[in-house]
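The structure that follows is given in the form of structure tokens.
Every chain is named by a letter (A, B and C) in the order it is written, and numbering of its residues begins at 1.
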Amino acid sequence: MKTSSKEVQDSVKKLFEDGRISHFIGYEAGSDSLRVTPCFLKSGQTVSRLVWNPLCANNLAKYLLDLRKVEGKVGILVKGCDSRSVVELLKENQIERDRVFIVGVPCSGIVDGEKLLAVLGISPGDVVAVEDGGDAFLVTTREGKRRVRKEQVLRGECLVCRYPTPVIYDVLLGEAIPSLPWVRDDYSLVRELEELSAEEKARYWNRELSQCIRCYACRNVCPVCNCPECIFDKKAPRWLSKANDISENLVYHLIRAFHVAGKCVDCGECERACPMGIPLRRLNKKVEKDLLELFGYTAGIDVEQQPPLTKYQVGDLDEFL
Amino acid sequence: MVNQKKSKVIEKGRLTELLDKLTQGYHLIAPVQAKDVSFRRVESGSEVTLDYINSVLSPKNAFFSQTETLFRFFRDDNRGFQIEPCVEADREQVIFGIRPCDARSLRLMDMVFNGQYRDSYYLDKREKTTLIGLACFEPDETCFCPTFGIDPASGEDVDILFSDIGDRYLVEASTEKGAALLDKFAGFFVEPRGDEEQLRKARKAGLARMKKLDVSAIADKMAPLYGGDYWDSIGLKCLGCGICTYLCPTCHCFDIGDVNLDEGGGRFRCWDSCMFPEFTLMASGENPRPNRKTRIQQRFFHKLKYFYDRNGELACVGCGRCIRYCPVNIDISQIIEEVASGKAGND
Amino acid sequence: MTENIYLPRMATIQSMRPETIDITTFRVTIDGSDETERFEYKSGQFAEVSVPGVGEAPISISSSPARPGAIEFSIRRVGELTNALHELKPGDKIGIRGPFGNFFPLEEMEGRNLLIIGGGIGLAPLRSVILNVFDNRAKYGKIDIIYGARSPQDLVFTSEYEEWRKVDNTRLCLTVDRGDEKWQGNVGLVPTFLKELHPSPENTTSITCGPPIMIKFVIEALNEMGFPSEHIVTTLERRMKCGVGKCGRCNIGSKYVCLDGPVFTLKQLKEIPSD
């Protein structure tokens, strides 16, 4: 992560000064040293709040939806994965291209705080800062500097990330990263499950999804979950009971997986947000793999390319009809 | 008169056996290691973990389940129906390992479920439960219970307190209910050796570093912030999910719904959250809290002012769960600090 | 074992009187001898009415406690439950919990003139007051009722107006937003009509219930006419579920509308937040 917070700050300051943006969505330091938090700026005077470091996990594209009505252009900081969500929002006409200014930043992986603490055997309070050091993270602790090999502590989605450099941007801060050395098999997580029998799969998902508390964090954090009224919130008719049980939880997660099929870019936010540790990426990754194998389709690459499940072609398979 | 101050000791090696015994006469709810630790009904002592700071979900579930059937009904041939109430508290229950912050939260919940109208579903379970607390000597960075006058190593709100002092637990009953339970299982407990207080004191040393915020006039300081732009950026940042409310040990809002089957059905209640738009949406389509700003403002005002105005206590115990799990790092301790210090002014 | 506050009592629909195209008055008795009489309520209170399998909703009581024998609810079809209620027939069973909430301070109003202002279905709880004060006519001064609806077809309790008008020292003034060829009365919004009628605030308590937007402008008009805030009595409408101050959704400030309301004076409302 060669790009520094300073570079981001300077670039955003200039954008405000030149009148190219009226708002900016970035990251600022969080309430402790293992967290950052979304930051909303309305002028260049406060750009010193902005940070860019390996803790910047949030996919900020979600917030473009909230700022659709503001005057002027909205600037946003995007990593590779976030930029692919922006592509999906553009495809759906949720946002207009000329109303956003995309500041891209090449990203060589976000740290998973819990993995980091476990590997280093320290508690959250011991961490002072985390920096990018190429193939390792440089962690400043109260006891001194430590180096941790990235592969050990990266977030799951970063371990299989094929798009470290944003696919769409108005300005790119830093040098493009063509690929990440640790990325090999994108679908090992899915293959493990595919090998199970139907009963074993059912047992696996029943066990995982019975933990769901239906806080809807996975839906609310997801940029492509942007229906003005979600089917699960509709009161009349109520499609999903508010009672928490495995059958309702299963309906919720399966329908959501299909609703984001072809739009999910594996930014990993659903799994990161889930307080119960449900492996939601496995579900979405399976759908992603099927779409790739059946249609050769990958989401979030090309604004002109429509998701296969929402597009009709004369040559579509129709054996089931 | 029970000698509530009398301390006992249990050797660590005998704890599992004690828990096993407890499962025979009680529903034992204790911390279990899954991906994270959660409080669950256990069938044997070996399922219980003691390696945790606190659980993801608070033990409120044991009194106020996420989904609870209130009654079942059966249609009769006279165009009517027969109602059969559901009572879950059929047996005495013991919660082992509850932390002092969560124990305090039950005292706050009691204020809601008691009163002019008594909520028997919650209160019956409360009456039938003995709380065995586990003193907290190594709190998380996000913990700030001393802010609310909670001593994380005290047994003030539990029936019995266990304190891990190395090779054994110091065991103290703080209520008659607790003393009775200790008497019942007297064979497990031995007399203290004499160094226990000293060992506990040593373990408490680290607690002095815990965050303790000034909340002395927080309710008054909140008042002028109502409707102010302080909540704009917080509302913009908030995703409107239910993590903070569902994980919170003091949040108690619920919804009521019906299940309809041919021969009958039932009515249940389930957790609900003031963060959800439909929480206040009326049948007419009008919504008095139509956006995330007004909803998150409600959450913080309820915790730091409204609950206090009504019950004389703040509705937060500093357990830190909402801080640890908020995906966008909205931090109630930061908000309290900003309000208390006047930094949260409306600009 | 404490009394279970969530268990409904079974009740029987005795009759259903259509008021408008989407409002029906249900006359209900609670099953069991004396149970209806033992359902002691006051004007302004509500009950949780349910259809098992569909759900439950808070409904204000439109009958007067001074006329025992049955309890009446005037209900508009707006949601799932009210739709289900409208599908029922006399003889069918429903569930009732309550009565809940506070009530109009009729005892404090004794010796005073009453200005009753209603809009649409908001006349339902006011009808409880109207019938109640009619039965205790000597205790009150002049009674002015100002009532409006969107159209003549949307007025409720029309079959009772003639009787109301016969009561001593009582005036019923009707208005509709849009009239029709047969409509002879006033056309205009309730707040405007109120200003035209310009009732005196002297020794008068105003009670108003209706859509929130109407209440807002009625209160403004009453303020202009010099009604003190402690003599402006109104109701707050919020989504409710439990009816007993537990479920939290009707919380406003330190109040719960279901427990501390739904009746508030303007003076009280000024002290609580607007949401």
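Here is the rule we use: a contact is a pair of C-beta atoms (placed from the backbone, for glycine too) under 8 Å apart; a residue touches a chain by one contact, two chains touch by 3 or more.
Here the structure is a predicted model, which is why all the values come from computation and not from measurement.
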Notebook entry, point to check: Chain pair with the most contact pairs?
Noted result: B-C
Next item on the list: Specify the chain with the shortest distance from its C-alpha centroid to the centroid of every protein C-alpha atom present.
Entry: B
Notebook entry, point to check: Using mean CA coordinates as chain centres, what's the chain A-chain C distance in Å?
Noted result: 51
Margin query: From the mean C-alpha coordinate of chain B to that of chain C, what's the distance rounded to whole Å?
Written below: 39
Next item on the list: Could you give the separation in Å between the centres of chain A and chain B, each centre being the mean of its C-alpha atoms?
Entry: 32
Next item on the list: Could you tell me which residues belong to chain B and also touch two or more other chains?
Entry: 255, 257, 259, 272, 281
Notebook entry, point to check: For chain A, what residues touch not just one other chain but two or more?
Noted result: 235
Check: Which residues does chain C have that touch at least 2 chains other than itself?
Finding: 79
Check: Of all residues in chain C, which touch chain B in the complex?
Finding: 1-8, 10, 12, 31, 50, 52-57, 78-79, 82, 91-93, 95, 211-212, 237-239, 241-242, 244-249, 251-254, 259, 273-275
Check: In their shared complex, at which residues does chain B touch chain A?
Finding: 34-36, 56-57, 66-67, 140-142, 233, 236-237, 239-243, 246-247, 255, 257, 259, 268, 270-273, 276-278, 281, 323, 325, 327-331, 333-334
Note to self: Which residues of chain A touch chain B once you look at their complex with the stated criterion?
What the structure shows: 30-32, 35-38, 40, 58, 62-63, 66, 123-125, 211, 213-217, 219-221, 233, 235, 241-245, 269, 272-273, 275-277
Item checked: For the chain A and chain C complex, residues of the former touching the latter -> 235-238
Next item on the list: Could you please specify the touching residues of chain C with respect to chain A in the complex?
Entry: 79-80
